[in-house]
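The first chain written gets the first letter, and so on, giving A, B, C and D; residue counts start at 1 in each chain.
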Amino acid sequence: MYNDIVIDHFTNPRNTGELADADGSGKVGSPTCGDIMMVTIKVADNRIQDVKFKTFGCGAAIASGSMLTEMVKGKTITEALQITDAMVAEALGGLPEPKLHCSNLAASALHEAIKDYQAKQNG
Amino acid sequence: MYNDIVIDHFTNPRNTGELADADGSGKVGSPTCGDIMMVTIKVADNRIQDVKFKTFGCGAAIASGSMLTEMVKGKTITEALQITDAMVAEALGGLPEPKLHCSNLAASALHEAIKDYQAKQNG
Amino acid sequence: MRRVYLDNAATTRVAPEVVEVVVAYMQDKYGNPSSVHEFGRTVRRSLQTARQQVAELINANCPGEIYFTGSGTEADNLAIKGIVLNGEGKRHIITSAVEHHAILHTCEDLEENHGCRVTYLPVNGYGMVDPASVREAIADDTALVSIMYANNEVGTIQPIREIAAICREKGVLMHTDAVQGVGQLPIDVQADGVDMLTLSAHKIYGPKGVGALYVRSGVKIRPIIHGGGQERGLRSGTEGIPAIMGLGKAAELARLRLPEYGERLTRLRDRLITGLLERVPYSCLNGHPVKRLPANANISFSSVEGEALLLDLDLHGIAASSGSACSSGSEAPSHVLTAMGVSVEEARGSVRLTLGLETSAEDIDYTIDTLAAVVERLRAFSPLGEKGAQHV
Amino acid sequence: MRRVYLDNAATTRVAPEVVEVVVAYMQDKYGNPSSVHEFGRTVRRSLQTARQQVAELINANCPGEIYFTGSGTEADNLAIKGIVLNGEGKRHIITSAVEHHAILHTCEDLEENHGCRVTYLPVNGYGMVDPASVREAIADDTALVSIMYANNEVGTIQPIREIAAICREKGVLMHTDAVQGVGQLPIDVQADGVDMLTLSAHKIYGPKGVGALYVRSGVKIRPIIHGGGQERGLRSGTEGIPAIMGLGKAAELARLRLPEYGERLTRLRDRLITGLLERVPYSCLNGHPVKRLPANANISFSSVEGEALLLDLDLHGIAASSGSACSSGSEAPSHVLTAMGVSVEEARGSVRLTLGLETSAEDIDYTIDTLAAVVERLRAFSPLGEKGAQHV
């Protein structure tokens, strides 16, 4: 069902957890499946220095979170905001069709985390 | 489907054919299946001296004709008239249920042959 | 005693390659295709292979147009009920008088219980439907035309392309019961232009208890069995994987063996027909002499009764049938022969001999000899004489 | 890697003795039971043997009360539609909220398309129907009560005898879907007092694609598939002989192995349940602790998602399922757990482990170790913490 990249990220997810001193934190849930994705970021010089994720969700959700953290580390805020859920799925080599709509929340959670960071900056 | 007695009488039917100088002849047909049974008899001293049958019908019909001829040979007219289709079926060791109602015409054909003989006697 | 099986239209012996596949899907690949784990996923992939194999045999556009069922009969029921009850409200069906009971009795049920109107088209002396009669019968509320590809009793092949073209022109859906045609004839659902087609595994050296319905993409059809939504919602129930995989393999083998297989059967069939008509006086062929299934010979013998003939053949090791194998034990003359205008008596003296993969020329010659002797024996004490009732 | 199959409620591996029978009826005894010749007669007699074997397993009064179908699902459809559409005009059905989709979706079809009214009885926290609720629900137009023998997801055994007694008293027919109960529990249709019962071969080490419906003599039921009149007119279509003979053999084996088999499974099941509940914090058993199928363990783990659990188990060679094997790919929480009042989150973290003939104590211990590790790993990065949402 899942390809090898997905299975790898599911089995050995990168950057799991929650940054203790996060600059921004985002949490989104899928209304259809009840999945939850949480992303915390550390930002310096307008770049994402560190990122961690937590997931309550299926294998695809876990792999998406893991892949996202790899994709986003070191990127500028502007670059990070351009990452979409579709790009995460693509980086994973594709996800099964029924999984696309519900388990692919990682980019959204990241964007929430960035919004949170920006709000704190401005506030 | 058929027992060994039936198969024997089907394979080697006794007394097939038509007596050339018959004293009586009977022919009956089954309205459900279109089977035809024909029996000819030779009578002397009120006894059936000889008997032959012809059949257009299934295996059970052929075996019934054959069995009937064996049962009836040498019997008096009165005795012969007591033979029923059920008795023929019984002598054959039983017939499959769906065959009972349509292929067991031998006794009826015999009775017709006796009637024919009696009519000739009286006529 | 020699044993000769000439009842391949009733059912066939499962091919060894097929048996192997069936066993593998009972013993090793036993998962449920709906399961997410590896045991299940393996089988799910295989199921798609079987669909592909069947699709290729009839040249369907894609495997997704193949739906597996529990028999050819169920596929026929699904095709007809599934269209008529699909909510579009059309309640007229056109079929023929010589269809299999799976079609005829389904139509009768729809007439009696679902307010449908059914036109049963007549056939000519060869058992053939006139395409013009289909055109005439089509009405505004015609939901479906269902005409069999080839007849199971007399082997006559119907003018399916002509009929399908008329249906297409009139915007009416067309189904064909090709249970007997598949595997013997080069069927091509796209070239033939049919919207639905029924086939059954056990007629092509696959296992009994599995059939398939081809449904052209876009045709709207309702299920008759509800549940877990298998077969994309059209036929619920855990898929009969061993038999389905067997059907897939049987379909592949059938495709690879065509058309040589058809040619070989045709040669043997003609040897049988010619041999019998030459050897046995007052015998005649039922069905079309040329537009007939390669495997089918159906011959009437005057003055003898079919069941007695079959019994005698059986005692000589030859398995044949008269009319269609029927479970009721009834001996009413075949509805097919009756519709063709064959007299009741000739119909009752008919024997169907259907050839198969294992039939040899020696089998054919043994059958000719045996049947000639059997007919002679039975005629000797038939009250009708050898010429039959109409000649008396 | 060790491979442990704990999804026997989804389907089972066919027993070697059964495989042998299936092969014999493809290769040697391949006749059509409707044929009059010896090839056919042999098979016709065998069919009766299979009927007898199934009848004995459930203690039917005679083999004639057993009707073979193409799946458990089809048997369920036949039972419900066959009664409701039998012409007596009663249009009310009583069933439960935790039935298999074969029942639920059939009922929905009858509601939507045939003017039926359906009462879906609630269940308690164990998934059990209250017999008193059946009594209350019975109305003048109640045609049928259909309550499953034991649940396929949580294993809870229903109070069938009490419910059947109420139905008998009220003069209402009672059907039970015993697909999961047969083979594990000592089912006796006469003592239980049910009028109809569904079973399926592939849950008892028989092949997929064959089921049976027990119909007590005298119960009037209409076919849903029409044709050649096989199965005494109740299910037309050439009988799936290889699979049917396999079901017969599987039924015989199941009968001979009971009750030892049930006891052995119960011991292993309890070892599994106790082991998991002890080892994994914040885990709980779904379904009844005692009135449950010997083979069924269904456990919820807080804060982890079932599909991820299954995937990780699968990667460790363990085949399990969450909820019922479902072909739609949907991840909606199980209707059974929802009806039992289990929270959506707990429902989503549920795993069903179902034991079988080949399950060993080592398999159980390996599963406990693996599952404990997998849950720990997944919880480590769950945003809900190990206790789950309601504890946060």
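Here, a contact is a pair of C-beta atoms (placed from the backbone, for glycine too) under 8 Å apart; a residue touches a chain by one contact, two chains touch by 3 or more.
Fair warning: this is a prediction, and the values are worked out from it, not measured in the lab.
Centroid distances from chain D, each centroid being the mean of CA atoms, peak for B.
Centre-to-centre separation between chain A and chain B, using Cα means, comes to 94 Å. Distance between chain centres (mean CA atoms), chain B to chain D: 58 Å. Centre to centre, using the average C-alpha position, chain B and chain C are separated by 41 Å. Residue positions of chain A touching 2 or more other chains: none.
Across the assembly, chain D contributes 36, 307, 311 as residues in contact with two or more other chains.
Chain contacts in this assembly form an open path, with each chain touching only its neighbours along a single line.
Chain pairs that touch one another, listed by label: A-D, B-C, C-D.
Residues of chain C that touch chain D in their complex: 5, 7, 10-14, 16, 18-19, 22-23, 26-27, 30-40, 69-74, 76-77, 85, 100-102, 105-106, 108-109, 113, 200, 202, 207-211, 224-230, 236-244, 246, 307, 310-311, 313-314, 318-321, 324-328. On the chain A side of its complex with chain D, the touching residues are 2, 7, 10-11, 13, 16-17, 27, 32-38, 53-59, 61-62, 98, 102. The residues of chain C lying in touch with chain B in their complex are 303-305, 307-308, 311-312, 315, 329-331, 333, 344-345, 348, 378, 380-384.
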